[in-house]
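Listed next: structures, encoded as structure tokens.
After this come two complexes, each holding chain A, first together with chain B and then together with chain C.
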Partner chain A sequence: MNKYLNIYATSFKQESKTYANSLTSVVSFVVIIYIFQQLWRFIYGGNGGGTLINGYTINMMIWYMIMAEVLMYSVNARGVTRAFGNDIKSGKIAYQLNKPYNYYMYQVFSQLGEIMWKLVFLVPTGIIMGLVLLGPIQNFSVIYVLPLAISLLLAVVLTAVIYGTVGLLTFWIEEATPFTWIVQKFQMLFGLFFPPEFFPTWLQPIINYSPVYAMMSGPCKLMASFSWDLFLNVSISQIVYVAFFISLGLLIYKLGTKKVNVNGG
Partner chain B sequence: MNVIEVKNLRKEFITNKRVIKPNGKKYLFKRQKQIKNAVNDISFEVEEGETLAFIGPNGAGKSTTIKMLTGILYPTGGEIKVLGFNPSKERVKLSYQIGSVFGQKEQLWVHLSPYENFKFFGSIYDIEKTKLSERIEELSTIFEIKEYMHQPVKSLSLGQRIKCEIVASLLHNPKMLFFDEPTIGLDPIAKETLRKLIKKINKELGTTIFFTSHDVGDIEEVCKRVIIINNGKIVLDDSMKNLKYHYLNKKIVDVNLKKNVKIKEKDGIKVLKAKDTLYKIEVDMNKTTIDELMSLFSTEDLQDISISSTPLEDIIKDIYRGKDE
Partner chain C sequence: MGVKNNFKLIFSYYKLNIKKEWKYKPSFFMQIAMMILNDLFFIIQWYIIFNLVDNIGGYGFNETMLLWAIAAGGFGVSHAFFGGAWNIKDIVYEGKLDVYLTQPKNVLLNVACSATDVSAIGDIFYVYVVLFLINAHWYWFLVIIPVIIMAGLIYVSVYVTFVSLCFYIKRGDAVAKSVEGTMNKAANYPPAIYNFVVRGLFFTLIPTFFYTFIPAQYFFLTPNVWWILISVVVTVLWVVLAFVSFKMGLKKYNSGNLMGGRL
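For the complex of A and B:
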């Protein structure tokens, strides 16, 4: 485990040298948050007042959206898929396989290093924007910071693992990013744009038990309105899905390494 | 002691090709299985401390063999033992004992310094901190990289980067080092420096060198033994000394005469080119002598003469083409 933490730390350090890129990404993040909060204000009508839409006040909705954008910006879905896929396509994976680590886990921890560096910028920017635009979250307590951080971390781990696993499909197909595109659209439609409560009643349980809930809607709902029950519910879902997708990724990786010769051998 | 033992090694690649209809078009779904013998029943052994060149033209099977030796590919048949390990079953254990340098694939983190990279690789190979510091000190002295060891890798020249790549591969003190075209893209001075360093690693650290390159200069200078593989089979396994002795027996004689003379070919003497008074003649020293050649024309007619050996590159090309007789 120690060597994987070192992979993570080295990747974080490597990414920290590209702070100019990170700052550019933050500018885009700020613009998006501003546009979406204006859009929600319009939907809620004027300053929102006490209007509730599907149980969400405008403040809850915008904090939900800020958390969702933090998650979207921190994990570059296509970038993660390509990190796995390009190594397979170029044959570089063959030269990584003779190192004393599991290549799949190496990539997962390496991607997490990059993601964590982005969070260093995105989380404070998101909080500042929320406080400036909306003021403090109602009924928020300092003790919620740790569970929220845990939920955010589990969400990014899960997202990276899912898109990484999609990248492993490159063992069989030339380009895996179209699959990333499909998964990402599910993530956006059922997580980023609207909370599950905005969908028809019959669809809500499906969303709540889907990976999208663990990677997006769950932590965003926690941010909008924290409760320990919800935290427990979201965390269990995240842990189960992280374990499932890591196992699936390891299995695909094991099967895929037998095909190294086909691509880039 | 043998560090590599390969017996009757085979690797087949199976591909499915669309079947062609009588009208020349291809069937949409009908596929025909095609088997390609990438490595076809090869056997060889490598002794500890050897410097071996494993060469062949593109698609000959050398890369496939190296991947099987390092456990990346599973053999279809035959046996492999590398440092006593079965590579496909004990890949991780083996990885602690071997190192690899690939000229075209970088393993260093480019935004970090070589020193930070070395610390990273130290942790990957579970090297204790004090031992790692000593090792970095030792290798940075041998490779003379101290001057730029704390600069980001991206700011280094290709030659400096390759030196750092080799240091990174040597940190865990591997018993064997696989080099795959390490000098590709380097200028002649950087190539020369690198070749000397590889020889130094072999001599001072006792590391067995397994070398692949298309650069004959690399092979000639670094390796004492050559295995040439073509179409999945070993076509030559000999010492560099023997290769030179047996295959460098042909001399190329360029003669410029005062007048046009008919030079008669005989056993061991072959006129390769004749234009006006200029002649390019190949002399097989196993069959004849230069004196014999000189007797074919009058020395009074001689204006200029130069004698050279067939370049090793041409010999290797001929072996690749199967003209090794």
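For the complex of A and C:
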């Protein structure tokens, strides 16, 4: 485990040198929060008042969305997929096969280093924007900070693991990025844009048991309206899916390496 | 004559780039199909929103979809025909511009046309999917062609103008990426959600409104010849600005003395 933590730390340090990229990401993050905030204000009618839409006040809705955008921006889905894809396509993976680590886990921890660095910027920016645009979350208590942080971390780990698994498809197909777009759109549609309550009742249980709930809607609902029951529910879902996708990734990697042709040289 | 030659160059490059990608047919078709599918997800997003409200500042489902169509088309044209513009940062920082400088064509055009993003073709197809979906007038299918060409020119010109900062400063692409990101995201939403200051910004420094809103409103919804003329002038001005910024930046370019060739 130590070697993976070192990989994580190295990646974090390396990413911290690319402050300009982080700044770009923050600017884009601020713009999208502003756009969504304006859009939801319009939908709620003026300043929203006490209007409820599917059980959400405007305050809850926008805090939900801020958390969702933090999750979305912290993981560069295409970047994760490409990190795997480029190594496989260029043949660089041949150099990784004989290293004393599992390549799949190496990439996941390396990606987590980048993600954590982005969170250093995104979380404070999101909180400041929420406080400036809306004020504090209703009924929020300081003791919710730790469980929210745990939920956020599990969500980004799961997201990195899922997109990493998609990246491994490059063993079989020329370009896996289009699959990332589709997974990303599921994540956006059923997690980022709307909480599960905005969908037809027959669809809600499917969303609530899907990976999208663990990686997006669950933690965002916790942010909008925290409860310990919900925290337990979301955490179980996240742990189960992280274990499932890591196992799946390792299996796909094992199968994929059998397809690698090393020409030497 | 010069204009004709440049058009020939753009299409020759496009043909060549497509031929190159065509070698991997399954990947070629998959990228296009997946991009169309990717774009279709946003239709569901707006369907849900317009179940909550009738309209947003006078824009209903069809009008908003028109904005999306123009944005996708503009993005598609810029990345399909001028995809190389997004390599300017790497070319400048790695000192790889020499190979373009020695060729007898305009350097910016040469760089911009040198790459095609195949998935962007999916964005262009998506424009027509949307027009069918909103049951558009027959002439919209024709008018959309110059509209997305103009949108594409504005999009790539804005990016080139800002990315030319790479000639002067380290990580100059950060500004270009931020501007592009803002334009890309803000263009898809009904203009009524933006306040006075932001609207001013979107008419000038980050011309988001000339990218989607003005064409949607004044080419299609309430045609207005003056606004059409203004759109054409603004597009030309941004194209000129892109060429001027790039040319000025070029004077600061340091060669990497890298030997290279283009096949």
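Just so it is clear, the second predicted complex is superposed on the first by the 261 of 265 C-alpha atoms of A that agree within 3 Å, B and C clash if a C-alpha of one lies under 4 Å from a C-alpha of the other, contacts with A are read in each partner's own complex, and residues count from 1 in each chain.
Definition applied: a contact is a pair of C-beta atoms (placed from the backbone, for glycine too) under 8 Å apart; a residue touches a chain by one contact, two chains touch by 3 or more.
Everything numeric here is computed off the predicted structure, so don't read it as measured data.
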First, second, both or neither for A:F121, with chain B first and chain C second: neither
Touching partner for A:L97 - first (chain B), second (chain C), both, neither: first
Chain B versus chain C as contact partner of A:T10, first or second or both or neither: first
Partner chain(s) touched by A:F194 [first = chain B, second = chain C, both, neither]: second
Partner chain(s) touched by A:Y144 [first = chain B, second = chain C, both, neither]: neither
Chain B residues within the chain A interface of the complex: 13, 38, 63-64, 67, 70-74, 91-92, 94-96, 98, 100, 102, 105, 107, 109-112, 116, 120, 123-126, 152
Chain B-facing residues of chain A, complex: 2-3, 6-7, 10-11, 13-15, 17-18, 92, 94-101, 257-258, 260-262, 265
Residue numbers on chain C that touch chain A, as the complex places them: 24, 26-27, 30-31, 33-35, 37-38, 41, 44-45, 48-49, 52-53, 56-57, 119, 170-171, 174, 177-178, 181-182, 185-186, 189, 192-195, 198
Touching residues (chain side chain A, partner chain C) in the complex: 20-21, 23-24, 27-28, 31-32, 34-35, 38-39, 41-43, 53, 173-175, 177-179, 181-182, 185-186, 188-189, 193-194, 198-199
